[in-house]
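Got some structures for you, see below.
Both of the next two complexes hold subunit A, though its partner changes from subunit B to subunit C.
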Partner chain A sequence: MIKYLFIIRNTFEEYFIYRINFLFWRLRNILGLLTGYFFIKVVFGQEKILYGYDLEKILTYIFSVSVLRAVIFSSRVADLAGVIQTGDLTNLLLKPISTLRYYFSRDLADKVLNISFSLLELGVIIYLLKPPFFLQKNLFSLILFIFSAGLALLLYFFINFLLSLIGFWTPEVWAPQFLFGILLNFFSGGLIPLDVLPKPVQFVFQVTPFPYLLFNPMTVYLGKSSLLTALGMILISLVWIGIFYFLVRRVWQKGLLIYQAEGR
Partner chain B sequence: MSTISVSHLKKYYQVLKKEPGLAGGIKSFLKREYQEIKAVDDLSFKIKEGELVGFIGPNGAGKTTTLKCLSGLLYPTKGQVRVLGFDPWQKKTQFLKQISLVMGQKNQLWWDLPAIDTFSLNKEIYEIPDQEYQQTLNELTYLLEIKDLLKTPVRKLSLGERMKCELVVALLHSPKILFLDEPTIGLDVMMQKKMRDFIRLYNERKKATIILTSHYMGDVKELCQRVIIIDQGRLVFDGKLEKIIKKYAVNKVISVILAKEIDYQELDKIGKIKDFNYPKLSFVVKRGKVATVTAKILKNLPVTDLSIEEPAIEEVIRKLFANKDYIDSELNSE
Partner chain C sequence: MKKYLKVWLKWAQASFIIVLGTYKFSSFLFLLGKIIRFLFFLLTILIFVGKAKALADYTLNQAILFFLVFNLVDILSQFLFRGLYWFRQRLISGQFDYALLKPLNPLFEVLFSHPDPLDLITLFFLIILTIIFLFRNSLIANLFSAFLFFSLLTNALILSFSLHLLVAAFGMITLEIDHLIWIYRDLTQMARIPVDLYAPLIRGFLTFIIPITIMITFPAKALVGLLSWQEVVLSFIAGILFLFGSLKFWQYALKNYASVGS
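Presenting the complex of A and B:
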């Protein structure tokens, strides 16, 4: 396992080389947070409750989703499609190392960095703007939230890994990845809480794996899910992870059969 | 027993066919047409432990494809490949720990980090014990003269320096099999020489089996006793380098240094002139007529020095590939 720690170390090092990129990337995140905050303030106006959310809970949702998104959606595995296309995958295939774990390690480095800075930035914004913020004090709900967020992280990794495997069949990976990113943000509840949508739409969304990435863990944090519902969501998350893991294995093996190690 | 055994290997690709221009692009967008490329077509050979074999052929001959099959990157269309008793495609850990593939055109070093970071990562990937790693690293960096470059980001290194680091990273785990694909490409002559010396030394010290592909005949001439020539995915020749000359060079070159100037017309009576730049003169002569022509030269010309030479290997190979002399002929000498 030490080899994967070294991959995490090298990934960290890479980030700190391009300092300007790093600073602008963080600035983008702060601007995103502030935009969300002021947008909600304007939308709420004088209203006390909108779509079942009070200002405290909706702001908590917006801020917490931004941190959660930073943890779950931060990913290096999207690079894999390009790596397959350029033939750079060869470097990994020639080594006694698992490509899946290699990218998971890269992702972890990304996530550690993201969560550290996101929490710091969120702390500064809360300190400066002093918005109403809901702190979940029930330890059991917190544990369930952390567990479901952990599963969301795994689920996102496998979905993204699977999508990147398109690179074995076509060089046109940018468009599907871009479209997927936009849809994912909406379907997972990254833009708005999904329970503000009409019931039939919510039902359709819930039969996909996407709400298990952001929205469902957030409902656990906000105390909007009963214990039974939360446990049910965790169980379904596990099923989705199993399905995507199986698909990744199958598609990976199929992809390797036609891999041409191009560019060499 | 053979370390590498290739039997009736075939690797065919489906390649997208596209007519030139915008119309061709639209047509290709609406209806895709594919063409089957026979990159390797019924190739068989065996290599023993410790051999250093030159693998040569014109561009697109199938050299790199063969190396990719041997290292387990490509799934063969047909045929069997065994390396160290393993099926490379299975990519077993024990197999991967004993091989290395160095490509001259691409690198496996982490681009933005110093080379030492990639070395230490590979130490963990290949589970090299601390002492062994330190010893190998010291030895390799000393031999390749890169001790001072280890902490410089890879992107700041010159091509030659980077290739040396590539060799180090490929050899840290002391592989028993080394596939070298154009390891001297783009390097200046000094650096090429250093690379060759190092490859020879590694082969001798570690008794490693090495397959080398190169467009520089100098690499092959200096390093390899045995060469395998392929073209259009098929085996053309497998044997000792000097046998190529005997097999394909029908002529020899007689070089002469003249003592004084002579009438140019006199020369035509002796034989076919290859080059004349007084006092140097050379004739191209059929192998069977060398003795007769030499006698004529000595009798009719004022000669101070004479030598009979085989044509340069580069020239023989170039003509071989250009004329495809081997097609429909008896091919393998061994």
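Presenting the complex of A and C:
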């Protein structure tokens, strides 16, 4: 366990080596948040209700999703595809550590950093712009939200890990990741809440694992899901995590069989 | 001039062979990703602005037009100035020194090399879509508006060139290019909706400090006949000032360049 704590510490240190890079990266997050805020504010006006959202609820959705996205989608697993391609995976395989846990530790460091800075930035923006913000006061809903967000984090890790394993079979790894990132942002509710879409489209989305990453945890926070629905979502998330964990194990084993440490 | 065109065509040919010949699968996925990203944001506008009937003082069609003009300026700039995205690697490896030895202005190689054929393909479809959209919805105010639009689009490319050059010059001094160019890209994305909709402070910043408004919002407003003559004058003055300012800063950076890596 202690060796993984060292990996977390090292990942932290890596970030603070390139401080200007880090600063610019955070600035980019703030710009994205501001664009969404002003767009929604103008569209919704003062008292308009669209698709069952008033200004308070939709701004809470936009702001909270940005924090959730920063936490859940921040990941170092995407590097794995390149590591396989360059043959650097050999270095990892020779060490007495699990590759899966190694990347999960790096991810954790990334997420701790992201959640700290995202909350700080969001706090500053809320203080300066004073937008209406919905605070969930029901403790049970808050607990369910935190739990479903935690499951989303795990689910995203396994989905992303699985995607990175294509590095075993093809050198063209960046394009699938680019396309996946765009699709994921929309299908998970990162761009707009999924319940503004027509019902049949919502149904199709709900049979995929993507809404469990952002949209479903957010409906729990906003109080749009009943207790039974929220518990059902958590159960389905667990099933998806199980499926992707199984797939990761299988594909990892198959990939290792054909791994030739090219480039080494 | 002829020499530069000949060199650029050689670069374009090489890029086309690499992108469309060697990495066919990746190119297809990148193109698909770009198109899907475009459609997703268009869908967002249609869903929200369509339901709300308007975006402040702008109609749904005008809001879509602003988004189309944003894409036009953005993709044109990427196609023309793609070389900047390769510049950091050339700087830190010392490869930039070779550009200084060639009988070409190094600025030309820094900005205009590596034109991406995927940008050209996207641009082709975008222009067709924009033309169809404009004529179907009768959005062009009059012939003079169309002329003004093309003049301001040219001015936008001059401004985009200047901003890319400023990033390159800043990069030559600090070696920080990648994030800086992405911040510029993020700032331009704020103009996917009319910049008039932002708070006065942000609007001022996006007009006078980083002239995104002049590059994207003003040409779109000119097309629908909503741009004042003061804004037209401001646009061209900004274009001239930024061009000369960026060229001066580039010269300064070049004089202070100390080769690294080689």
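Simple rule for what comes next: the second predicted complex is superposed on the first by the 262 of 264 C-alpha atoms of A that agree within 3 Å, B and C clash if a C-alpha of one lies under 4 Å from a C-alpha of the other, contacts with A are read in each partner's own complex, and residues count from 1 in each chain.
The criterion applied here is as follows: a residue touches a chain if its C-beta (ideal position, glycine included) is under 8 Å from a C-beta of that chain, and two chains touch if they have at least 3 such contacts.
As the structure is a computational prediction, the values presented were derived from the model and not from experiment.
Q: With the two complexes overlaid on their shared chain, look at subunit A and say whether subunit B and subunit C clash or fit.
A: fit
Q: With the two structures laid over each other on chain A, which partner does A:35 touch: subunit B (first), subunit C (second), both, or neither?
A: So A:35 only meets subunit C here.
Q: Figure out whether A:174 sits in contact with subunit B (first) or subunit C (second), or with both, or with neither.
A: Only subunit C is touched by A:174; subunit B is not.
Q: What's your read, subunit B or subunit C touching more residues of subunit A?
A: Looking at subunit A, the partner in contact with more of its residues is C.
Q: Can A:261 be said to touch subunit B (first), subunit C (second), both, or neither?
A: The answer is first: A:261 touches subunit B but not subunit C.
Q: Touching A:203 in the superposition: subunit B (first), subunit C (second), both, neither?
A: Neither: A:203 stays clear of subunit B and subunit C.
Q: Which holds for A:17: it touches subunit B only (first), subunit C only (second), both, or neither?
A: first
Q: Contact-wise, after the overlay, does A:96 reach subunit B, subunit C, both or neither (first, second, both, neither)?
A: Only subunit B; A:96 stays clear of subunit C.
Q: To make sure I follow: the centres are taken over C-alpha atoms, the vertex is subunit A, the ends are subunit B and subunit C. What is that angle to the nearest 10 degrees?
A: 90
Q: After the superposition, pull out the minimum Cα separation from subunit B to subunit C in whole angstrom, please.
A: 6
Q: Of the residues on subunit A, which ones does subunit B touch that subunit C also touches?
A: Common to the two interfaces on subunit A: nothing.
Q: Quick check on the complex: what are the subunit A residues that touch subunit C?
A: 20-21, 24-25, 27-28, 31-32, 34-35, 38-40, 42-45, 48, 50-51, 170, 172, 174-176, 178-179, 182-183, 185-186, 191-192, 196-197
Q: Considering only the defined contacts, which subunit B positions touch subunit A in the complex?
A: Contacts found on subunit B: 13, 64, 68, 71-75, 91, 93, 96-97, 99-101, 103, 105-106, 108, 110, 112-113, 117-118, 120-122, 124-126, 153, 181.
Q: Can you check the complex and tell me which residues of subunit C touch subunit A?
A: 23, 25-30, 32-33, 36-37, 40-41, 44, 47-49, 51-52, 55-56, 174, 176, 178-180, 182-183, 186-187, 189-190, 192-193, 197-199, 202
Q: Which of the residues in subunit A end up touching subunit B in this complex?
A: 2-3, 5-7, 10, 13-14, 17-18, 87-88, 90-91, 93-97, 256-261, 263-264
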